[in-house]
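Presented sequentially are two complexes of subunit A, the first with subunit B as partner and the second with subunit C.
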Partner chain A sequence: MTYGNRLRATSIAAALVLMVAFGLAFFSAKIEADQGFSQKIFYVHVPMAIVALCGFVFGGIMAIQHLRTGLAKYDLKSYVAIHLSVVLGVGVLLTGAIWAKAAWGTWFEWREPTLVSFLIVFLLYCTYQPLRFSIEDPEKQSRYASVFAVTAGAFVPLNFLAVRLADPYIHPRVLNQAGGDLPDSFRLPFYLGILGMALLFSALYQYELSHKNSRAQLRQLRRKLGGEEEAVGRSAAPQVSSS
Partner chain B sequence: MRTVLTLLRKELLLERKVPQLVPAMALFSVTTFVVFHFALQQRDVDGDLAAGILVVTLLFATILGINRLYVADREEGGFDAFLLAPVDRTALGVAKALTLFAFLVLVEFVMVPAFAILLFGPGVGWELVGKLVLVLAMVNVGLSVIGALVGALAIQTRARDLIGPLVALPLLVPVVITAARALSPVLGADGPGAMEGQFLAVLGLYDLVFGLLAYALFDFLLED
Partner chain C sequence: MTSVLAQASDTVPDDNTGYVAAAYLVFFALALIYFGIMAFKLQRLERELVELNELADRKLAPAKPDAAPAETTP
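The block that comes next holds the complex of A and B.
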């Protein structure tokens, strides 16, 4: 099975939409009265956070599929989605820290529940890789990783609820009621930013899936030719057998 | 249900014959209070600080328990014996959660009085005890559900003492948040104040969601 069919189209679309979104953000959206130019980071930070959280939940859904069907491809999908979301999560925390420094004068703001809950979720998902790494048996590894992914996926909304209750928030709410208090000139680049980030995620997702897949195919072909088995570094990624 | 009760009896019998986990957890929690006393340089605590110390100490004692919860089953062949028996596998998870719950209650019988004597500033009345029991009972449910799930997850890994706490700690953060916030008015300096219901509601929701989730997922952690 190939995963790379729509890779080119998705990549081009992601690049285009992100360019338009950032172009609009810089040249068309007004400078925010309160925070000035530093508010522009909002068009990167928020879409990235939304896509990362959706990626975590998507990983959990794929893990449910894996547990129900037992097919290795769902484990691979869950793995790739979580893996990419953790990478995006690093970006979210970094851009969040920069924005917090510019807007509130501190690198991290404990009174800000969205940031705090994101940190907790991120810390939880950071243990996904070590967990996979420390289970030798591939079949058991994927099953346990899926149990983790389902639990953590359910944890994401609950954690947000608990953290939000704990403190009054100072974070701007941007998605409360269909755009909420976002002015019109901010709204279009913001939505395009979310779309572009989602497309970027999708492109990277397909890229990693097809890479894992073609590597497995290559290994199988080599084995058929009777060549030397390529020494592979130890990896916690799910092993797919292409057939 | 009968399987669960049999397994629970086995766990409690084991702990009664060779006390291992409960004394260790109780001792650990008392020592932690001493550590807190010196680290914070406080003789008496109340309010936020008291709630935080109590919840964090309970959390760390629980982590100790989670790490050991399945060790006997793994090393003495308890898993194999259980898998050979023609019973529902989820029963083991339920029994482990109930075991951890019972252990936590026993530990709290030592821990809470020790806290009152060593660190807690305001006086202790029946109202305080009643509210404390309510919150701790709900906290124990969350801790034991997560403990039974994460313990089973971690026991099969090579670095189980590492993976267990690493996974359990972030998962239990909502319990810490809600419990600490619910307890801090109860442990206030001017006697127990009114609790805010929303924290108990979220704690209850957490218990419910993860209870159901653990019940649904436990099966997958045993198949071999």
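The block that comes next holds the complex of A and C.
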């Protein structure tokens, strides 16, 4: 099995779409009347947040598949999706803090449900790697990690719903049931930003899967050639079989 | 000196350009760090591949001298 077949196409598409999205955001979208130029952070911050949250849910779906089938490849997919979403989550928190400082004069607003809920989700997923690392037996590790990913993955949409039902303090609600409050010139760069970020996520996801698979193939080849077994220490990453 | 600084700060547009640049830099820095880690992993993979290639060469090498006398035997 190979994972990197569409890696080149996805990478090129991600770079192109993100370039167009950011280009439109800076040169075509109008300056927002209330926040001024700092609103341009929206085009990188919100797509990153949406893709990160979707990545957490995707990790949960892969974990369900792992629990259902017992196939290690689904555990690997769940692990990689969560790992990448945490990286994006770091980006969301940093860009969000910068935007908050520019717009509200504070790095973080503890009374705002949107901000606090994202931080809770992020911190929850920060425990995923230590959880995996704390379990030595690979079989148990993958099973417990999958249970965690399913539970936390279900928590993400529930959390999103709770935030929607709560009264906003200062954070704006971008997308609503009426189609959102976005002016037309903001829409295209925003949607392209989401697409570009999703493509970037997909490219990095394929790369990670391909890399882990390649290492497993190399290990198997080494065994076949009778070479010295590479010492595999305790790891949070799933043990991939090379079949 | 203070008045010069005050005048200089007046010329800086109050449009939060620095914050926007910082936010996009965070994104690009994260991407670059990730690509750096990817490059490191690729390097390690390449090293392992070279090792395995050498191992395969060593495995195949002793077979040749054994085969040679068999051909010369009438």
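In this section, the second predicted complex is superposed on the first by the 226 of 243 C-alpha atoms of A that agree within 3 Å, B and C clash if a C-alpha of one lies under 4 Å from a C-alpha of the other, contacts with A are read in each partner's own complex, and residues count from 1 in each chain.
Just so it is clear, a contact is a pair of C-beta atoms (placed from the backbone, for glycine too) under 8 Å apart; a residue touches a chain by one contact, two chains touch by 3 or more.
Please read all numbers here as calculations on a predicted model, not as lab measurements.
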Which superposed partner A:107 touches (first subunit B, second subunit C, both, neither): neither
First, second, both or neither for A:204, with subunit B first and subunit C second: second
Touched partner set for A:87, first subunit B, second subunit C, both or neither: second
First (subunit B), second (subunit C), both or neither touched by A:123: first
First, second, both or neither for A:45, with subunit B first and subunit C second: second
Subunit B versus subunit C as contact partner of A:215, first or second or both or neither: second
Subunit B and subunit C contact sites that coincide on subunit A, given as residue numbers: none
Touching residues on subunit A, where the partner in the complex is subunit C: 22, 35-38, 40-41, 44-45, 48, 87, 90-91, 94-95, 98-99, 101-102, 200, 204, 207, 211, 214-215, 218, 221-222, 225-227
Subunit B residues touching subunit A - in the complex, by the definition given at the top: 149, 153, 156-160, 162-163, 166-167, 170-171, 173-174, 177-178, 181, 198-199, 202, 205-206, 209-210, 213-214, 217, 220-221, 223-224
Complex contact set, residues of subunit A against subunit B: 67, 120-121, 123-124, 127, 130-131, 134-136, 140, 143-144, 146-148, 150-152, 154-155, 158-159, 161-163, 165-166
Contact set on subunit C toward subunit A in their complex: 15-17, 19-20, 22-24, 26-27, 30-31, 34, 38, 41-42, 45, 48-49, 51-52, 55-56, 59
